[in-house]
Amino acid sequence: MTDYAFEMKGIAKKYPLFQLSNIDLKLKNGNIMGFIGPNGAGKSTTIRMLMGLIQQDCGEINVLGCNMPNQQVAAKWNIGYASEDMRLYANQTINWHMQFIGSIYSNWDNKYAKKLLKQFDLIAGQKIKGLSHGQRVKAGLLMILARRPQLLILDEPTTGLDPVARHEIINELMDVLLDEERSILFSSHNTQDVEQLSDQITFIDKGQIIQSQDKESYLQSWRRIRLEISADTILPDLKGIVEQRKSGHQAIITTKLFNNELAETYRKCGATVQSVETMTLEEIFVSEVLASRKNSQHNNGATL
Amino acid sequence: MSNQTTGEDITEPKQTGESLDTATSTRFHYLDNVRALAMFAGIVFHAALAYSPLMHNLWFTTSSQTSAVLDMFSWFIHLFRMPVFFLISGFFTLMLIQKRGISGLLKNRALRILLPFIVFYPFIMWSYVALIGWGINNLENLSPMLQFFKMMKDVPDTPPPELSTTHLWFLFNLFLFVLTVALMYKLKFFQSKFVSKITSVKFIIIIFPLVLVPALVTQSVPHPAPEKFYPQLWSFGFYGLFFILGSMVFLKQNILNELNRYKKGLLAASIIIYAFFYYSLPDTISIETIMVMMAGNNYNLSYFIKQIPLAMAEAYIAVYMTLYCLLIGKQFLNKHNKAFKLISDSSYWVYIIHMPVLLMVQFLMTDIEINIWLQFVISISVTFIIGMSTYFAFIRWSPIGWLLNGRKKKTV
Amino acid sequence: MNASIIKQLILKDWYFNRLPLLLFTIIAVLSLGLFSINAKSTFYIGLVLIISLVVTVGALLIFSSVVNERKNQTLAFIMSLPLSFLDYTKAKIISNLSVFLVFWSILVTGILLIIYYSSHLPNGLIPISVIIMGELLVSYVLVLAVALIKESETWTIVVMGITNVGISLFMFLVAGLSDIGPYIEGPIALWNSTAISIVIVELILAISLIGIIFYLQSRKKDYL
């Protein structure tokens, strides 16, 4: 068995109007990866390739030791997959679905399912079409959690939920996952959801992975520095600077390679450091995406 | 002041603009226009019967000349012109129920449909008798049907022919359908989940035509008009179902948008199946065949095997062409101006009187040698001109006009 | 082969359709009753009902278990289960065909028994009945193939419309064949080479359509 829950190497997939390229991604066993990207960035396509539902044009995908898509049947025994565009049967009850899943998976834990039912505040006899969106998401999660899969793949499970329902689902997921040894891939275009749950962050934009890193060190390396400068101050072009904005006597520097010497460097140039601020994941995400788009435009321009 | 320029909410029905089905709102002008065209198509169809080889033995005014091209064209129209009419009527019936309630509907329909039927039926019936009597006595070249009548007249103790509602059968049937739909509404049929579920593209295209086949299979081909003076079951199973479908479409108007993408296919399928249909029709139908068929249980198996596909073909063409007419009407005829308004207002009157006028015109041409196409064009145009001029002279601003189209304010 | 999951999927489809199928079976038995009565109108209506029922049940099965699975996005749920797309195809074909064939066989057997035992219907009707029912089977498999392969509601409706119209055209054509039409009223079921060939061609078509489904499904790379 490998150390990784999944590994994607050199993946590309071309569509008429969109393409994924150079996807290299791996998740260590037991880790939770937040997979963030704007709408249409390629999150769902990447995830479907992980599930074997879409075949990559090139590259290798290995999930739980199985080669995808050829060995998807073996892999899917141990994957719990839920996605935003997945629906349960509207005319059937939650109970019917529990029995259906139970009849397929030998590791279905009925006791645990009933516990989750209570915890999620669901009624077994209720038909799916009578549930709210939040309840449907919970019912869907119940179907996969109650068989304790090794790998959970959740594709935008919180999309379309109101803030309260989203909060509830994140909290409940955290509760449920607290005492489990399980790898999770969790995609969202909402950084807040991911920030709470994950210990690894991956950003995707326009079909390319732009960052994939451990969350804590990642957050640690990003800072926004506010400087007071005089008219003749020349700020050095340092490595890791993502953005540098000046207006009058103010300058705002965004860096992704922060260290304690950085402030000292600016002081030496004649600037006064007003503040060094930590950034939220959302702010970092937006900066990353903008920088990456600028970069690719620049590269495209150079090749023309 | 013209009612078009009153500045009132144009989506509200105008009391003044009520036609055969009253309370037309601006959004449904195409339905008014398509229905008027369906009525005028009736004149074309009836005029063409005189030159139909198929109906040579069965129609009053058959000419010695026949045209296969005209025949092919007119039987095609026959298969969907009244379905179009009844579907649109069903649509407006449900609209009227929702606006005025069931008693309002019945009162209005009694006035617009039942009363005109009672008022005009005697005149129409009398004019048929008079015209046919005149024809038998005065024409040289009698059609086989008139020869048959003449023969029967000379035989003593012939039972009088069964009373027919003539071409006014559509009013008689329409009123029965209105009563049926009112009852169904009262029983909450239209409010049921079942109805909303089956008002779907797949039901209308795939299943609905099949539902019509049992009614059609019991009738001769091409199907006759339900012109008996009592409710005829097959009429309910064919025209009645179009009427109900119209009511269902009113409740789920988006269905027409969903059907739009199938428009060309509906036309293509209709034409292909009509080619087979027309090809399979006999060259002509004799009076004896009809009598044998009417006699009942004596079924002929080699006929049966054709009867079912023919009835299916009729059902598919009726449904598909009706939908096509609505969709094409929605695309091109959703207009409201004086000309369209005049056409749709006058169509009711013109249709009521067209048959006697048409018979008269065609009788008058029977003994004259005129080119068949010229005859056809003359019979339609003269009928239309007489219909329109009498409409302007006696109907539009008279109590008869109020009866047929609702009370009209004089436009300035 | 993933037999246990395929079995569960088939059971699921049967379970979902149990009530309408029960209802349609009852109507089918009533139609056979009408068909057996010695009167012109009931004979026609019974036969028309039988044809309509076969079409309706076919449409119901294909829409509820194939088209709606994609439209209602339950396909993603099914494909998250440990099965391959070919397993899914197998399950759909077996569940659809099994239900349809049971229903179809009841009607075919009923029709043949009624023709055989009733005095007012000549046995000459037997070949043409088998041929027409065979055509309904081929039409059904064709629509099933289109629904599975094209995965589109519009396509399924269009092809279903075409096959329905095709039923009447087919009946025109078969009745017009000089080797078939004239023998309908004969006292014996005449299985001449034309009649046998048509039935064989129908069988071959149905089977090859199923082959084509598997071939084209196995070439698909993306299932969602």
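Going by the order they are written in, the chains are A, B and C; count residues from 1 in each one.
Methods note: a contact is a pair of C-beta atoms (placed from the backbone, for glycine too) under 8 Å apart; a residue touches a chain by one contact, two chains touch by 3 or more.
The structure presented is a predicted model; accordingly, all values stated were derived computationally and were not measured.
Peer 1: If every chain is a node and each touching pair gets an edge, what shape is that graph: line, ring, star, complete or other?
Peer 2: It is a line, because the chains touch in a row without closing up.
Peer 1: Going by CA means, which chain is nearest the middle of everything shown?
Peer 2: Closest chain centre to the overall C-alpha centroid: C.
Peer 1: Roughly how many whole angstrom separate the Cα centroids of subunit A and subunit C?
Peer 2: 47
Peer 1: Quick one: subunit B and subunit C, Cα centre-to-centre, how many Å?
Peer 2: Their C-alpha centroids are separated by 36 Å.
Peer 1: What whole-Å value do you get for the distance between subunit A and subunit B if each is reduced to the mean of its CA atoms?
Peer 2: Taking the mean C-alpha position of each chain, the two centres sit 64 Å apart.
Peer 1: Residues of subunit A touching subunit C in their complex?
Peer 2: Residues of subunit A touching subunit C: 48, 51, 53-55, 72-74, 76-77, 79-83, 85-92, 100, 103-104, 140, 144.
Peer 1: Mind listing the subunit B positions that touch subunit C in their complex?
Peer 2: Listed in rising order, the residues of subunit B that touch subunit C are 201-202, 205-207, 209-211, 213-214, 217-218, 261-262, 265, 269, 272-273, 276, 280, 296-299, 301-302, 304-313, 316.
Peer 1: Subunit A touches which residues of subunit C in the complex?
Peer 2: 2, 4-5, 8, 12, 16, 72-74, 76-77, 79-84, 87, 221-224
Peer 1: Within their complex, state which residues of subunit C touch subunit B.
Peer 2: That would be residues 38-41, 43-45, 47-49, 51-52, 55-56, 59, 63, 122, 124-125, 128, 153-154, 157-158, 160-162, 164-165, 167-172, 174-175, 181-182, 184-185 of subunit C.
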